[in-house]
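Chain naming follows the written order as A, B, C and D, and within any one chain the residues start at number 1.
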């Protein structure tokens, strides 16, 4: 199978290169961007020398369709909504890592402050949290957001099991800086990030409606979540610390069972005995989940961790590709986290 | 005024040296420890060369009382409860930075898993969150814990104003590694901390009862808080992210007023327009507070930040000393945070 | 004494604010920049709230001379050379932290790739490495560069003592990111710096001619140095690791004596028994120096460390001010490094 | 092929697990340590859950030889010298990542301050810098040290080409903390490492004799190197910055050719146009090399970077295994560095 990447110079695009260069069943045939055209990717990113020496090409949907079998969009929000149209028209497979095809138009425009994709396009796409969506044979995948992936995997089992007060959910989520993208900004200037911890987009992060939308599928009573996002002075990793109130006290075994029922056959989701930490998953496509119940406050704390660039972006995209194709879900992945 | 420090080789003791060496009205006359006796402090900590060349002495209460006018305890928990007795008997002023004199004996023993101080000792001490306690003329001060300081300063105004549901408080607190102390451990080994984020002592941190005790003074209905503590890969700084539910919606102005009413004349507490970040306060005795109200969820998020070694330990101890003596509260402090 | 700062929004300008707000003999009366005019400095930098609430003003030499007694330039290179002219004409004291008045015009233009200051201006300025220059009563001070300060303090004693081969000096210097300035760039983007170590401007750093010029004063035979500069993933601190070849073997005592002879009465230079590390000096105006001689290779390794924003910029500027005024050299400085 | 690891709980042992779990031609059949016996490796290191759930066993040479085809030693120095004897006696293949079989006994004892392996054992082992040693069919491999690997790959081409003054080599090397091992110590305590840069073992690092021994093979005139090692506040990565003096000036092309002649067919050594940085190689088995010649000083600066746990330890061990077996050198390696 042959694949192209549009939006190669962002972190998600580069991470796709890393994963696809190790994937036995996929050949990366072209990479596309708006800058650096005609230059070898490895001339700009010398770590890729000898590993991926493709030349950066301008975007050309016809050429991509002539060369590849599938295209990944790893573009900033607001780009794929236009560029994907030709592929949709031609029924050519697309996995969109950006947020452009995840939400209804009105909600997208409210939270992203940008024009949304056309309804006809949105209708084609399936939002695919890989563990909970049947994508086999699907052609247009809206890959979930990074915070959304960590939060949904932590909370969906509880919402589905109807054991928590769905309107008293508080999520304190933290991300490494690759989640903030490659664009230069004061908030990603080394000196401002290092030795610091900054909460941003409080109450207005664009992944909030995505999380609410997905949780709501399992319980219509859920109306909102309280969600905060902060920047950890690390490169990779997201932790979602979720505080929920139980409808009635549950034993640890009962809580474990709720997670195991849903994830027992999911190779990339691990229920851990201890509270997960970022090191557990870095470099891998795992989502690790752990919890602790406090009988004094009746609060269940659930912690999930992912590598935001892997399970939170490029990895889940490849996982979705594997599932679309009917391959083994883990095909192409180095399974052991780099840990340190 | 002459002061001695017992427990010089921990981070709080060293930070006391830093602050006291810049204090015009206090002379540091002796430093005490169990290791390194007879060695100059600056031979072990070369950054102190020429700044504090005192020799480390063994503990000797009589000698301290003969030389100094006040003693700081910067010892691990379980030490001051015994060593402070002679001073109490002699009515010689003590500021205890450790947790030994903050809680009733039964509660201390439950949370610290150690024998508590004698009741007679406990009766002498005043728990002194500097902004909310009148310590002028007091002789025995139990200096608040680091997490407790950040959390109490953030929440006390709201509890006192009776505007929040006091039994639905969630605090997600994060600390730099100096808060974990100088003792070597897996959890403070560089490789394990760097690029990581680890939640520890969930539901069992020893500052929980201290916070509950202090908040309860302002509203007896408060029974518990949900409190989590995590390690940020930085050296200094605590952020307490507090999620509270309002009894009824409040405007930003109304919320600001609640804080200003309490802190207007407190030089070390600043209500900030933006959400505070660690850089704001590092190296200083400030506690910065900011908030954001979410009308969708009715959750008010309050964020407070302190330097755990200054306002969370040595700095507040000196602030308490200033207040005990009737000096200006800011005496001896470099006021501008180091920021970077 | 009243002082103004031109170039307030760079790191050196902000560090000047930190130091001057704690200086008993200096009042900061105005701060000048090209952006943020009319805004309070503390509205942009909330850590300064209540500490320095001056409004940012546009540059106006007449107004500064009417209000202040001295002006600091903390501007990027190429700015002070023009803006300082009015002050020079009026014989109004200037301390220039930028590189504009340190080098002869031809050399400046070669290394900075910018037009140099006029010769008449250059003639007025004294390059002032505070420990080795008599600035009392001087009016125009060219404050040394950060790398230059660390390197010169490490090497000058050896060059002066004529004990090393002056044309076989290798300096491997490392700096934290505040040394790279506040301008956004790929090389200061958090993700690119964190977990990385990057050597830059190899053989072309603009501090090279400054170092050669100063060392040459003590031995005309010195023609060049091999100097490399790298970025450490920290905010503050410079280490200059200097490798020199001895003309003939020397005992540790003999080497120590060379340093002590020059620095015995210099409060901010400390010869340490152990190899210095960054923690030794952070937050302070100290330059710590240590060494180790290898009889097998006949190489003497000398290591010096400074806080690049303090001794390497704003701190040395204030030290020079103290010396100009005939005050105690340490006036206004918190002496104890923040260490952690 | 089946392999066992002795010394599983150190960083090199864990990194071997990471690499071997992705190697198609090798099955990891047992892991051995002195602690945690009977516990699943993944119960101690939860990141390995589902990836490597082997139980930790005590060391038993007979059992290993009955189960596996080859054993890796990833033990601290001083252990393999004894434990390897049974395997040597049985002519059972060993790859020793520790330093026990790299040096002649007298030199080992001088630099490691420990009893050396027996001469009979030492005679069996081949020191195998993978790029420069023919190990096909060999049974006993002494895997090079991390600093030694980076330094030798950078310098051997120049020494062999006889273009530099071999007795005026200065290497300023820096390593991340995983290079300092898992043992708790003041020097690896987070607070002491973070925001710091510390030079250690100056003139006495145990990799010095190993480097001299290997360089000397190519030029007997080489007698010593000046080598310094420092700790960078990162987890992974070594940079060796090498300063050498050219016998006569060389063009960049001529220098490039020297490297290309030796490394053109070596998949894991890359000559880069730009100066290498740690990010280039992290997570991979690459050694990237770059250089810059300074005609003013006649100094050639050569910079090499490796991931100390991969090319500097476990990766090179697997590379050596591949070469011993006649497999493709890159077999089993994810080739793309994790980069961020």
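As a convention for this text, a residue touches a chain if its C-beta (ideal position, glycine included) is under 8 Å from a C-beta of that chain, and two chains touch if they have at least 3 such contacts.
Owing to the predicted nature of the structure, the values given are computational and were not obtained by experimental measurement.
Of the two chain pairs shown, A-B and A-D, the one joined by more C-beta contacts is A-B. Taking each chain's centre as the mean of its C-alpha atoms, the one that lies farthest from the centre of chain B is D. Our note on geometry: chain B versus chain D, Cα centroid distance of 46 Å, whole angstroms. With centres defined as mean CA coordinates, chain B is found 39 Å away from chain A.
A separation of 36 Å divides the Cα centre of chain A from that of chain D.
Counting partner chains per residue, chain B shows two or more touched chains at residues 11, 178, 191-192, 195, 233-236, 279, 340. By the touch criterion stated above, chain B contacts chain D in their complex at residues 11, 177-178, 182, 184-186, 188-195, 233-235.
Residues 11, 14, 17-18, 21-22, 45-52, 178, 195, 235-236, 267, 270, 272-274, 276, 279-281, 283-284, 288, 309, 334-340 of chain B touch chain C in their complex.
The touching residues of chain C, counted against chain D in their complex, run 168, 170, 172, 174, 191-192, 195-200, 202-203, 224-226, 228, 230, 232-237, 239, 241, 243, 275, 277-279, 282, 292, 294, 296-297, 299, 301, 303, 340.
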